[in-house]
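Some structures are shown below for you to check.
Heads up, the next two complexes both have subunit A, just with different partners, subunit B and then subunit C.
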Partner chain A sequence: MADLAQAPLPGTFSRILREPRAVAGGAFILFVIFCAVFAPLIAPHDPLEQDLLLEKIPPAWQKGSEAGYLLGTDGLGRDLLSRLIHGAQVSMIVAFVAGTLACLLGTILGLLAGFFGGWVDAVISRLVDIWMSFPPVLLSILLVAVLGSGLHSVIVAIVVIDWTRFCRVVRTETMAQTKLEYVDSAVTLGMPRARILIREILPNVLPVILVLLSLEMGIAVIVEAILSFVGLSVSTDTPTWGGMIAEGREVIYHAWWVLVFPLIALFLTVLAFNQLGDGLRNALDPALRR
Partner chain B sequence: MWYRILLNRLILAAVTLLGVAVVVFVLVRVVPGDPVAMMIAPGASEADIAALRARYGLDLPVPQQFMVWIKGILAGDFGTSFSLRQGVVGLVLGRIPATLELAGLALAIATALGTSIAVAATLARGRWLEALIDNVNGLVLAVPDFIWALVFVLVLGVLWPVLPISGRVDPRLNLDLATNFYLLEALLTGKIKLVGHLITHMIMPAMALALPLAAIIARVMKGTLQEAMVQDYILLARIKGFSRLRIVLQEAMRNALVPVLSLTGVQFTFLVGGTVIVERIFSYPGIGNMAIDAVINRDLPLIQGLVLAFAVLFILINLAVDLITIVLNPRLRHG
Partner chain C sequence: MRRPLLDIEGLSARNAAGQPVLRGVSLMMGPGEVHGLVGQSGAGKTSIAKAILGILPRAVTLTGGSIRFDGLELAGADTSTLDKLLGTDIALIPQDPLTALNPSRRIGAQLTDALRLKAGFSKHAAMTKAKSLLEEVHLSDTARILRAYPHELSGGMRQRVLIASAFALNPRLIIADEPTSALDVTVQKQILRLIRRLQRDHETAVLFVTHDLGVVAQICDDVTVLFSGAVVEQTSVHRLFRQPLHAYTRALIAANPRYDQPGASLRPISAEVIETTLKGISA
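== the complex of A and B ==
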């Protein structure tokens, strides 16, 4: 029984590897994670070290550059490359923590609603409807106003706003699976319902969840960047890409590179999560393929 | 039949607004720290604090507090902004026109751009141009307005400085306008030079907001157009010898209108949400930019006013979309 339900899985990994967008996106994200984890080892300078004699030095290939500062320095003489590498930490923490929590909350509620139907579904679906009638911007303004700024608020805001993305899709998918014969067979065999849900249905809903999770992580990175751009995320002595972009916006007429490099990092990371999601969708989910 | 749907939507809108009001009320009251303590000058006496509590009804039980609060809001009393020391209603109303004009311009750009792309891709079906359009579209969809805005600032504002990167008008300019709807008023009174001046300030933020929406419109419209293009009535039109462009615009477009419109409506609310950050990047004086300042200053009365203003805006957009859908849908219109 369990073998039947999991039959599509063995070839999955090679199918993902044959999907160029998934591979490219995944590889870039692994690279960013590597930077985040080993930031203190690979960053050439202390990201907070200010040197006013070295302020606004252009990147290495420009006139007036300084050895040892590959991407140049910002308005306070801090090394941009080091700040970029350290900035990956906050982005990745938010992507994985907020993404995973939103995914867990939404998936659990979606599985319950889709599998049990009836009043469970009615309550959860109504909740999702009400939730989604609040535009995300309003909710995030209110949440950050109430919770105050900081990394925990950013994560809470993302989870509280975005769990519905998972819940809706997982619910529909679970409903479709529940109607299939293998579930009937499992019921006939007398399997407990919780076991059917976790061992039989969940593996079949998992591909969709993974696609959504990848896209959600990209959204989380952007939301964090926006909130640090306006100064509502972590405190300013932690380097973040959004914070660097805000600093770059200030000195844009004197030193364009202060804005450009974090912007490129943010763009590539968001694109990578997007491509990974699209690639996974092609590889894993025949129903979603176009 | 259609009026029943309309009534239904109106009731739903009222319920949603009430829901937003309840959420705002509850959230503002769970804010860590006493709101009164934040409002009052240091060194105020106990009696002053008690008077202020009584004025805001904070000494009453919570359900009664809610009634007092709702009554105040219905009477147009949103209180005074802590940080700007002015009435919230005046502040918000003064800023709304700027945001409406920006969002309106962005919507116009997105619709025009999205439609052109969809028509071009439909005409180029099966050729390399279609593949190119699809790929560019996919890329545009993946990039949020926040990044577009900064790219525009960098490219058109700094590296090749052709457009101003901040504000709504040059502060040195003597405007001499009666309302805060600068663009609309300039258009209506025929001040062409001022229109041009305003557009140079608005075009970059509007484009940043418009691009993701244009990509979505293009994708959905292209889908429905191509579906329509294989129908019998299109074949008939082709046999009659109509040009391909005319077939796409006149015949196939009719099919695409309703689905694209309802999609645009939903997406437009996201666009209005996007004004918050885009206005910030361009220092554009709308309610979005104001909302960020209000949150940074934890200016609760102003936050309440702005959130309700946004909520009303979203509800009105949804209502308008419903109305237009009813008008365009013959089954509902004649039912």
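== the complex of A and C ==
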């Protein structure tokens, strides 16, 4: 049977569970979310508590380690593990809030452009073209500089920059769906346009959106880390992975762990989002399905 | 002839490049008649069907002529006029049963759309009606089918569902856009018989779009032969095969496989015929 004959939604959940990369990625993300939500309960120490007598203690398996400080401490004697766990909060908030908002904005505009075509499409597509010709990292730094630092600005910057990813893909996919006969059938039944778009077309575009959303969350985590690294994200008394990397850079020659552990956390989280996205693509994309 | 149910007069359309898609097509159908619309690919068959339904692609624009359904003008009509007719008085049996059903909605939901949107059926009443509609198109195990997603059904079953859906509100005109082209020959025959029977039972007029003269012979009363957007011949099916008047029609018949004459070879339509036909149209 043709690929179109495959329904994108029914049986979706069990198909995702059969996709090892989606399961592994998803499980790791759940773990990070768990850490973020229960950070105050899990973290062995206060992430802000400084103790200059305990500065730059190496991780537990190294010589000179101190009991109770599994991953060692940073240059101000703060427990790295606790800071990592608390740092997950900002990363997850940014990933989910910024990712979801960018997804909503891009999806709505993409659906409109793809479904109505004509001048609606022309306006939205030109907007996307113009938007995409700005270098994204510079634009986000500029935006945060203008809006002032803080979590809100970081989220706004990511949404403002990354909605275009969703818009372009959703537009193309919506166009392809709109040409299929089931849409003609719905039109000839006099179904209202809005209902056709939301009830008939959107469910068939949804798999693509979910895949993109997962990849976008990974990107959001990186952008937040970059902004934290240059000091444009939340204030320095909130632990963030990007901020920890910046601090670790200063002591890299005598305390490598201060830099390496947040880097690993960042790397694994982004990798997990990407694996989840790829796994979802395999599970949901009819063209890749056997 | 009684007052025509569908009266198309001088219908012309062109595409975005300015080339004519339809050149002054006229066509008349009485209530309960089955009218065949034949021609090769690109002859404008589907464009006529879509023009009636008001779903012409954006690139194609009507440039003249009229489409009257029971006296009511459809060409250039606003959506509210069309909305009143479509689904209730005019229904569509689409071409490709693979794409004509939404892959992510259950059959039951799709089959009850017209009933609920157009006739104000309650959810429960619509489901009961849907069940009897499926029985009418000879689908058994209706409870399972109503719960199924399109990909769980075969092509023939899906086409039956679409036929059931078209007949749901007892329309006066059904536009069947190559409803059997995507099916294999045995299923094709069953589907044709089904459409024929339902059409007779409900006294529905059917505009049957097809490229297959064999199909026309089986199901139609009258036929319009299109070539490059123009009508080259319009006659009863009986006359079409007995004494085709136009050279193109004769060539089209000769190019069709004849099951009653297995030894006869097929003759492709010659370039000469196409050229003279084209000249005749542009003149």
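Going forward, the second predicted complex is superposed on the first by the 276 of 290 C-alpha atoms of A that agree within 3 Å, B and C clash if a C-alpha of one lies under 4 Å from a C-alpha of the other, contacts with A are read in each partner's own complex, and residues count from 1 in each chain.
Heads up, the rule we're going with is that contacts are C-beta pairs under 8 Å (C-beta built on N, C-alpha and C of every residue); 3 or more make two chains touch, one makes a residue touch a chain.
This is a predicted model, so every value here is computed, not measured.
Student: Between subunit B and subunit C, whom does A:L271 touch in the aligned arrangement: first, second, both, or neither?
Tutor: In the superposition, A:L271 contacts subunit B only.
Student: Quick one: classify A:A145 as touching subunit B (first), subunit C (second), both or neither.
Tutor: first
Student: Look at A:L263 in the shared chain and tell me whether it touches subunit B only, subunit C only, both, or neither; answer first, second, both or neither.
Tutor: The first partner, subunit B, only.
Student: Where does A:E200 make contact in the superposed view: on subunit B (first), on subunit C (second), on both, or on neither?
Tutor: Only subunit C is touched by A:E200; subunit B is not.
Student: Which of the two partners, first being subunit B and second being subunit C, lies in contact with A:V187: first, second, both, or neither?
Tutor: The second partner, subunit C, only.
Student: By residue count, which of the two partners contacts subunit A more extensively, subunit B or subunit C?
Tutor: Counted on subunit A, the partner with more touching residues turns out to be B.
Student: Return first, second, both or neither, reflecting whether A:L101 touches subunit B, subunit C, both chains, or no partner chain.
Tutor: A:L101 contacts neither subunit B nor subunit C.
Student: In the overlay, answer first, second, both or neither for which of subunit B and subunit C A:P136 touches.
Tutor: After superposition on chain A, A:P136 lies in contact with subunit B alone.
Student: Examine A:I245 and indicate which partner it touches, taking first as subunit B and second as subunit C; both and neither are also allowed.
Tutor: Once the two structures are laid over each other on A, A:I245 reaches subunit B alone.
Student: Answer with first, second, both or neither: which of subunit B and subunit C does A:L232 touch in the superposed model?
Tutor: Only subunit B; A:L232 stays clear of subunit C.
Student: Which positions of subunit A sit in both the subunit B and the subunit C interface?
Tutor: On subunit A, the subunit B and subunit C contacts do not overlap at all.
Student: How about subunit A: which of its residues touch subunit B in the complex?
Tutor: 130, 133-138, 141-146, 148, 218, 222, 225-226, 229-232, 245, 249, 252-253, 256, 259-260, 263, 266-267, 270-271, 274-275, 278
Student: With touch defined as at the start, can you tell me which subunit C residues reach subunit A in the complex?
Tutor: 50, 53-55, 58, 82-84, 86-87, 90-92, 94-96, 98-105, 110, 113-114, 117-118, 149-151, 162, 165
Student: Given the complex with subunit A, which residues does subunit B contribute to the contact?
Tutor: Residues of subunit B touching subunit A: 16, 19-20, 23-24, 27-28, 30-32, 138-139, 142-144, 146-147, 150-151, 153-154, 157-159, 165, 269-270, 272-274, 276-277, 280-281, 291-292, 294-296, 298, 300, 303, 306-307, 310-311, 314.
Student: In their complex, what parts of subunit A are in touch with subunit C?
Tutor: Listed in rising order, the residues are 1-2, 4-10, 117-118, 180-182, 184-191, 199-200, 203-204.
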